[in-house]
Every structure is written in structure tokens, then in C-alpha cells.
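I have a structure here, written as C-alpha cells, and I will follow up with some questions on it.
Just so it is clear, A, B, C and D label the chains in written order, and each chain counts residues from 1 on its own.
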């Protein structure tokens, strides 16, 4: 069997671990050949690929990033890919394509599958917001990085009797904020799933100070937004350069809290450190298992599906099912976190 | 409601996170009172306890160990505890006991429950070998520590063209060896669940050297043992002090490999560093959720059960079910790891 | 002997290690008594202090922050402190005051010393910019945090063929940028000590891309600024809220590079994570030694001086000498870094 | 100029950083050529080398081990090397050899220099025991690893009311034990430089338990030994396999303490994890500076010398001076640590 593999979308710790696992399983468990397309779907369209043998993936298990490069595909080029999909399989002589990527990539994968290309997907997102899988690799690393930051900020906040606002990733789903907030022991957690009430945060901080705990840490997802009546905030409105990214909710919330509380509040925007670097052991294991099962699925002819974690098992779920709905933080998970401040 | 909590058995990162979560939920979600017994069941029997308020659990989320201390209970004292269990509840005025512990503790918990004490258990083991729960807190931290060690040893092995044998915890179940071996990219993994063939390891190393990869790392669980015919090994036979612990399989295997391969082999016995220190974010979240749900179960009168992770949910399972059988590594999990060397 | 100790100024990993060391040495090496003033000089002026025994400092060696709290002293209150300094010594019954702090604190310490209070200073700054000592504790931790961030950002930059601009602390001295830039292998390092030339950065990135290295990381100190003619930048001019801190050089430089290069550039502002959390082993040792020597100096009557690292020795230097001049990065240290991109 | 570089002796975090720095400085600061000999002096003798360009050293700064491999040279082959040294320089066309290594390597380097080969040495040892330099790279990483282990063991010791004996590296000099013991807050530190008194350790533990601190951690260098009259110990006597390494002082001391105290004592032998893996920021900076200065020294014709850290400067010291005497822990450094338990 000849397998093509590519990585697409944003960086995510564990991508290399999947690539390595695909190559290992294909070459040592079967007698396959593996080629890797460069820079995601672009490489697929432009015929840029290289053969991946054991040496090519040596030493990459613990390395962040992706040795294949990545890119985001424009919509019209995707259509082009679909039209050429059958030819492409023939041209490159691949029996299956294993695209590793997030929602966009999996949607593209599904379209390619519908257009006739044999595809086995591997889901990837640090945001953990893909339906049909309990967790995705990269998420644990992101939560770990954010938690370590909160750990560090707490001692600083305490020494200075300050409020710290930590903005973590999560545009549409608040999993990173939820879990790093719980793990770091943040005193407030704001998620995109539910508008937060600034008054509640103010009350929480004041009660803490009254109790003699003269500091607080608030963990806020980049996609969180205040309930309209509690704070004047229009996302991305500020920046005179047209750069939304430099003036997110973290900065605004810190300013607002400082104003209302009359106490120093400082924002920390963690940004891209959350999605780079060496993956945690958890993510390496999950990524390795995904790669192994993707190859097995390919050999079973189990196309149009992607690997998924369900409990302790890796199963295959239809791509169609995976990308219909974003997996957001349910109400009861927020409840669990609520009383733990 | 008045809740008693205790920690028993071996140290495990996340114990403090459970204690904190129980106190937080009980005090802020309900209007409960919490007391903590010192040194496990000993404190319960001897009436040594203290009140736990928010201040008592402040700052312990990220701290290893247990602020309550721990101990192992002798069998005859357990019987004593069961006989007095009803009185004890009355004496201490507790409406429920939340024991946090491993197999022994949960068995004791079940006996106390059978004897009439309202009990909600929280499972704990770095070995991840408790049935009925997908994972236990502490395990992720242990795997993380072991993986970091393997990461470090690989570069040393490579520089010196050596074989490194890393012995990790796991007397009866090989989960730590399996996952840290996969995460660290060990070239051989030996588990208690299946006698390993030394000849296979020798072949693997020789093939690696032949391929130009002049080093290898073998990850071996302390409870692993060789297939009889492949290596002369009698566990614990060596030590002239009657200390089995200083001459485990790691040392023996290194000696054997060195002898057979004619290449330097070095053992590293990770030992207790795997079970101490700050928990990973994953373990803090799981421990926190367990604590939260234990309190909720107590309020529902859901006694004689313990918290368990199933997929992404925390559920309650009967203590009876949890302790009947050790959760060992199934064959198919070993398969996943096998071809990834 | 009765020793008073206080911590003042910004948070710095290792403060607790100094406090612990002072208490340990004073109580076990001598037969002293130690009191700790709360919230820096404020506590000194307001008579807020508590006795510090061995238990009070138990478990704080590895903890970030300061158990005594900190604050910045306003100038007029410092004058007040000086006027009352003799009385205060008498009132509190202290034979010596050990203030642990940065430039401002040491200047205050010197004024108190001049006003007649027996003082032994301990220098503290993550910026490493205090003259007369080779290094200060906290700096190594800050560099470590920044380096880990750069490590992570490199893989992300590489996967996405991006330029990453990391802004680290250092208003007046660029030590953190220099050393984390070197340790992380940044491709450009911008320090406050020397205006940087944006054209050079542009050239460097273009040359890297031409060589096939399609990413770059630039490490910039918050106090760095471009040579006037190379980039339009007025520090702090942007922010409509009057908050300079949300629009530092990191953001501007990223925008500028993106504009000129026509490639994606992203800023990451590390902020307060650099000054909180557990200190590195290096910082714990240095802090512990400073504490030990401060007590010894007090017993020798070696007042008006502060502890300092010179080579491998801890020596005492006059406070006057320590605070006259900021220790900035010399030209030859920049040279060492220059050719290592 | 054509520069030859090699790494010899035991693994040490930072070796790759030196190699990278030599290549960077030589190629971008000058117009040199660099070749790397494989497997230390062996490669030099056998003419096994490869050209090192920028790509060859890309991505190795943060990686442990050495891309060139290492080996220990037998004495008679060293003599051979000396005899052929002039020819070798000619054969390989190198103008200078930069050997990176420990005491043995530097002695060899000196002999080669005496025999007429232009040599600039770079000292390397995790033990920090080379005279003439304040610190060596690799040491900070080793101390960091050991300190993290002690941090973890403390919580376990405390939970179980145990004594933990941590054996760290250091055959002849106790620097790692001293600094990791101080940084980790070990309650006893045993160095090779001064026979330790087991009775003192017993007293220390008993006093701690009496004070209510029911645990203790003892940090012991592998080369430490008890004062004869206080404990029966003959190094390496036990092992029936003739393997001294499996029965070091750590194991013996734990057994002895358990016997005398009647309390559980557990040994942890850290072993090779201390010398592998990614270097700390400190070590990366020091290694990078050493590499830079080695190239500069070569260009100045400053042969027969090695790089050394003195205070904050890198200077050149005669190889002769560097290897005459081991740098052991002086009495006053032990004093600093003594009262800090």
C-alpha cells in the first residue's frame, strides 16, 4: 500500500508524533510505502511530496511543529482539489490519503472523500472542540502551558495584591480556559459558551480581599465576551492598525477590573506559546495511537472516517459526523468548575 | 452535612487537589463542614482529625503529597474499624466518609460501607490499574516524569552508543511502562502482563545498530519478568540484605543485555520520583472533578460507590465492582505499541 | 541578635529562599530571633510584623512570591522612615534590618543606613541590572521561562513560515533578552542598550527564507527601541486608554515586520510569567547563599553593605556603590550574541 | 581557516550548543570551514569526519547529546595520536583542533598541543570539577534535574513519614550534591570531600521527627563515604556480579538509616538522567559563549589554552593549569550549606 500523509491548519503539539506513527506502523507492521506532502493541501495540489522512511521520522516524536509544514487552504483551491482528486490519487500512486488537521481540514477531507479519494482523517486541534472524539492531541499540552503560566502568575499576584487576567486560546470553545483555569486554581473562568458577568468577577475579587486573600487570577478564553449590560465591550474595536489580535478581551477585562476595583489588574496574553513545542506524554501517546489506527483503518478499507478517542479506545467515526457541530463546553462542566474557586 | 475525608496508601500526585475540591464544593456549593482524619485510617481509628476550612486548603492544589498524611492499615485494625464503624460515625458526627485511596483503601471502604458507614470512595493510584475507571489521577504525572527521564536518557544513550534500561513503577499492571515507553519512544517495552523474550530485545538492538541507530532504550515495568527459557531470573534473589528492592528486573536486564550484546548497557531505576511532586494539569483537573462529584454523591445519598471517569464523564460505580479485578494492559494496547519502535 | 527582614519592589523568584535562609542561619547557626515586616517598607513604618521561626519558613524554598508581601514605597514616606529610623530600631528591638529588594529598595536601604539604622541589604532583580554583583537571583528563572517560550514558538514559527516577535522584560537593561535570545537561538535580539535597525532584521529574515529556513524569531526587550530613521515608533503613543503597557515595542515591531516582509509576523508578550513561580535551582542556591551571608555580615557588624556574587564568592559591597549605576549589557556581550544567529 | 572539532568523554548537556556556536561563529563571523570528527579522538585517529555547515547544526542548540558522538580514548591510542599529531593536522588540513571534553580530554588536548598540534580546548563536565573555570556547562542542567527529583521526593517522604536518600553524580567532587541539596532543601548533604558521620544524620532525622517534621531527605554524592567508625561500608563490595554500580552508597546508607532509626528509608539513584537531555538556558548560554571564544582564540593563535568562565567574562587559561588539580568543594561552601537544613 502507498500512503500519503499531510498536515494542515494551525500548529499543534503531536503532529510529528502522528506522522512518525503512521510511518512506523506502515513500514514495520505492514510493508507499505509512505509519502508526505509538503505544506498541507498546497503540496497535494502542487505535487510537492517526499518519501518518508524510518530515518525521516527519527527523533521527531518529542518535537513540536510538523516536519511536513502546514498551510491553510483557500476555498477555491479546495474545489480544484476535489475535481482533481481521482487523478491525484493516480498521479501520486497513493492508495489512501491521511490528512491530519482541524475542522477545516476534516471538512476538506470529507469533500475529497465524497469526490472519490480514499481518505482516513486524523483530527487535530489544541482547542479540543471537535465532536465525536473525547479529546484531541495538542490540547493537553496547551492546557499544561497555560496552567504553568497561571501557577507562576499566582505567586506574583499574591506578592503584589493584584488581579491577574490570563487570556488563553479558545475562540469558540472554552476547553483550554476551563481546564487550565481548574488546574491552575483560577478564581474566575470566562468561556465563549456563556457571556460572563463582570459584576460577578468584581464581587468575587472583593470577597477574596475581604477574606484576607488579597489577590485573584481570572482565566479568560480569547473568545469570551461579557454580558452586554455588565461591560462595554466591542470585540476588536480598538486597534488603530486594524489588528484585532492586539486588543483582545484579556486587555479590556483587566482595564475594566482595575477601574471598578480600584486595585491593580494586569493582563497576560499567552498566545502562540500554547500551540508550540514538545508535546506532553499524554499527547504523544494519543497522537501515536491515532497514527497507528489510521494505518489499520486504511488497510481495512475503512475510508471516509477519522480516528477518535472514546473512553480508552480508539474508534473510527464518519468524517461527516465529526465536522457538523463544534464541541463546546457543556453547562455541567462549567458547574463543576464554578464552586472550586 | 458533616464530611470526613482521609487519604490512605502510597503517595500520589493529586491527593491534595481532591481534598481541596471536597472542601471547596462542600463549603461553597453547600453549607457543609469538613473534617480531615490524619494518617489515613489510623487517624480515623484514633480519633485524630482536624477541621478543614478554605484557608486549610489554600495553596495546595499544585502541591504533591497529602496535607492529611497517609498510612497503610493492617488487616486486624481494619476489622476493628468495621466493628466500630457505626460508633465512629456518631462519635465524630460525620454523615459521610470520603476515603481517597487505592485498591486496599477501596476494599476497606467497601467493608466499612457494608458495616454500615456511609462511604463515598475516590480511587487513587499512579498505576492506573483500578477497574471501572478509565484513568486515575497520579498516573498522568507518573507517566510524565518517566517520559522526561526517557527523553533525557535517549540523548545519552545515543552519544555513547549504549543500551539504557529504564525501570518504571508497575508491579502488577504495566500502564506506566506502556505509556511512558510509547511517549518516550522506547525501543522495547516490557510489562508484567506478558513475559518478555530477551532474545527479541537482543535482536531489536542488533537490528538498530545494523541500521546505524547505535543506541536503544528499553522501558521495563518493575513487575515485568522474562520468559523462563530466555533468561535466568529469580525475582529478588540477589540481595544479601534481604532487600528485594535494590536488585529489580532493571538491573538484571541491563546485565543480561550487556553480556549478550557485548555492548554497554546501563540501568536506571526511577523509583519514587514517579509518585511525588506537583501533579500535571490533567491530574489536577481529574482530582478536582473527583472531589466535586464525591461531595455531590454524598448529598444524593449515593453511598457505597466511588467516583470514576468514563469517557469525559464522572460517574459513580459500586465499590464492589471496582475492586474485584485489577485493570491490566490488554493485548491490543500492547499491539499498538509494538510496531512503534 | 534580633533581625528584621522585609521584601520590597517587584516580585522575583527566590525571595522566599532568602527569607528562609536568613531564618535558618539566624536560628540554627546563631541564637538569633527574626521578625518579618509585612508588605515591605509599609510594614516597617506601620509596625506590622510577625515573628519568623523555622515553621514559618517551612516549605517556602521552592515557592515563588514572598510570604511577607511586598510594596513600593513612595518617596515622602521614605523620608519619614529615615527620620524615624533610629526610633524604629528601638521600638521593634531590632539590631539589624535586612531589606531584600531592587534598586529603589537598596537606595532606600542606603538612606536608612545613612540615617543611622544598621542595615544589610540583599539585592534582588530579575533584570540582573544591579552593579557590583555578577548576577542576581530571579534572573536565571526569568531567562528560563523566556527560553522555554522561545523554544515553543520556534516550532510554531517553522510550521507556519512565520516571524515571531517575543517581547521579554527589561526596561533599561537587556540581560533577559540577551540571554534568553542566545539560549533560545533567536535570530534577532533587540536590547535597550542599542537602538536596533529594522532594516537589518528585515534583511536577516529575507536571507533566512532565501536559505530555505522559512521562519524567524526575534527576541526584543520591552525597553528596546528602533533607530529613529528605520521605523516610526513612539513609545506608548497608541493606547487610547493611556495604558502604555498594552502596546509595547513587541506589537509594533511585529506589525512593522509584517508590513515590510509581506509575511505573517506575530507578537508574543511574555509579561508577568517571567517574574513569578518556582525559582530555578541556580536562583535558589544564590538566594540561599545571599541570606546566609547577610546574617553573617550582620553578626560581624558589616552594615551599610549588601551581598554580592563575584565569581564563585559571595562578598559584601557598599550600598553606595551598588546603586550609583545601572549594569547594562556591554558591547562585547552583544558581539558574542551577534554571530550566533 | 579550517577548524576541526570533536567531543569526547561522558555525555553532557550543552555539547551540541558548543558545536553549533563554533560553526556559527566560524562561518558567519569569519570565513572559516569546520569539520567535525566522529566519536571523539577515535574519529581523529581514524580519519572519520564530516563537514559542518549551518544546516548541519540547525536545530541542535536545545538538544542533549552530541551530534558528533563521543568515546573515551585508551591511553596507548593517545600516545599514537600524539606521535601522528603533526601529520594529522596536515592530512586533514586543519589549522586548529577544538576538542570539547573533561579532564581526560583536556589532558589529551594538552599532550597533543605539546606534540605540536594547534589546540584550543573547551572544558566540559557535569561535575563542575575542572579548575580554572568558575563553572562548566552541563552542571546547571544536572543540578536542575537532581533538584526537581528532590522536590518530588520531599512530598512523598512527607506523606509517608519516611527518609529518602537521593544519590546524585559526583565521584570525586560533590558540587552536584551540594547545589542540588541546597536548592532542593535536603536535610543532609554528603560529599566526597569530607567523610560523613552517620550518627549526625541519625540525630538530624530524630530531631526533625521530634519537632513534628516527620520526614527527611538526604542528598548523597555517589563518591561520598562514611567516616569509618560510624558505618560499615566498603565501596562496591556487595555486588555478586562484580558490578559496583548497582550497590552504591545511596543504597547502603538507606539500609543503614532504616536499621538505626527504625523508620522506613528509601534510596533513589538518579543516575544517567542527570547527564542527558535538553540543557538549561544557563548551560546553553555558557556553551554558546565557550564556542564563540574558542573560535576567536583560534584566530588569535591563542593555542594550548582553553576557554574558562571567570566572573562574567570568558577568558583563556593554559591547558596545563586546568588539569593539574581537581576543583573540589571547599570547606566554606559546605559551611554555607550546613546551617540551612
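Here is the rule we use: a contact is a pair of C-beta atoms (placed from the backbone, for glycine too) under 8 Å apart; a residue touches a chain by one contact, two chains touch by 3 or more.
The model shown is predicted, which means the values in this text are computed figures rather than measured ones.
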{"item": "B-D, C-D or A-C - pair sharing over half of the A-B contact pairs", "value": "C-D"}
{"item": "Furthest chain, CA centroid comparison against chain A", "value": "D"}
{"item": "Separation of mean Cα positions, chain C and chain A [Å, integer]", "value": "34"}
{"item": "Between chain C and chain B, distance of the C-alpha-averaged centres to the nearest whole Å", "value": "40"}
{"item": "Distance between chain centroids, defined by C-alpha means - chain C, chain D (Å)", "value": "29"}
{"item": "Residues of chain C engaged with two or more neighbouring chains", "value": "151"}
{"item": "Each pair of chains that touches, named by its two labels", "value": "A-B, A-C, B-D, C-D"}
{"item": "In the complex, chain B residues that touch chain D", "value": "7, 10-11, 15, 63-66, 69-71, 145, 148-149, 151-161, 164, 238, 240-241, 243, 245-247, 251, 255, 266-269, 271-273, 275-278"}
{"item": "Chain D residues within the chain C interface of the complex", "value": "20-21, 24-25, 28-29, 54, 58, 61-62, 134-135, 140, 143-144, 146-147, 151, 179-180, 182-185, 211, 213, 280-282, 284-285, 288-289, 292-293, 310-312, 336, 338-341"}
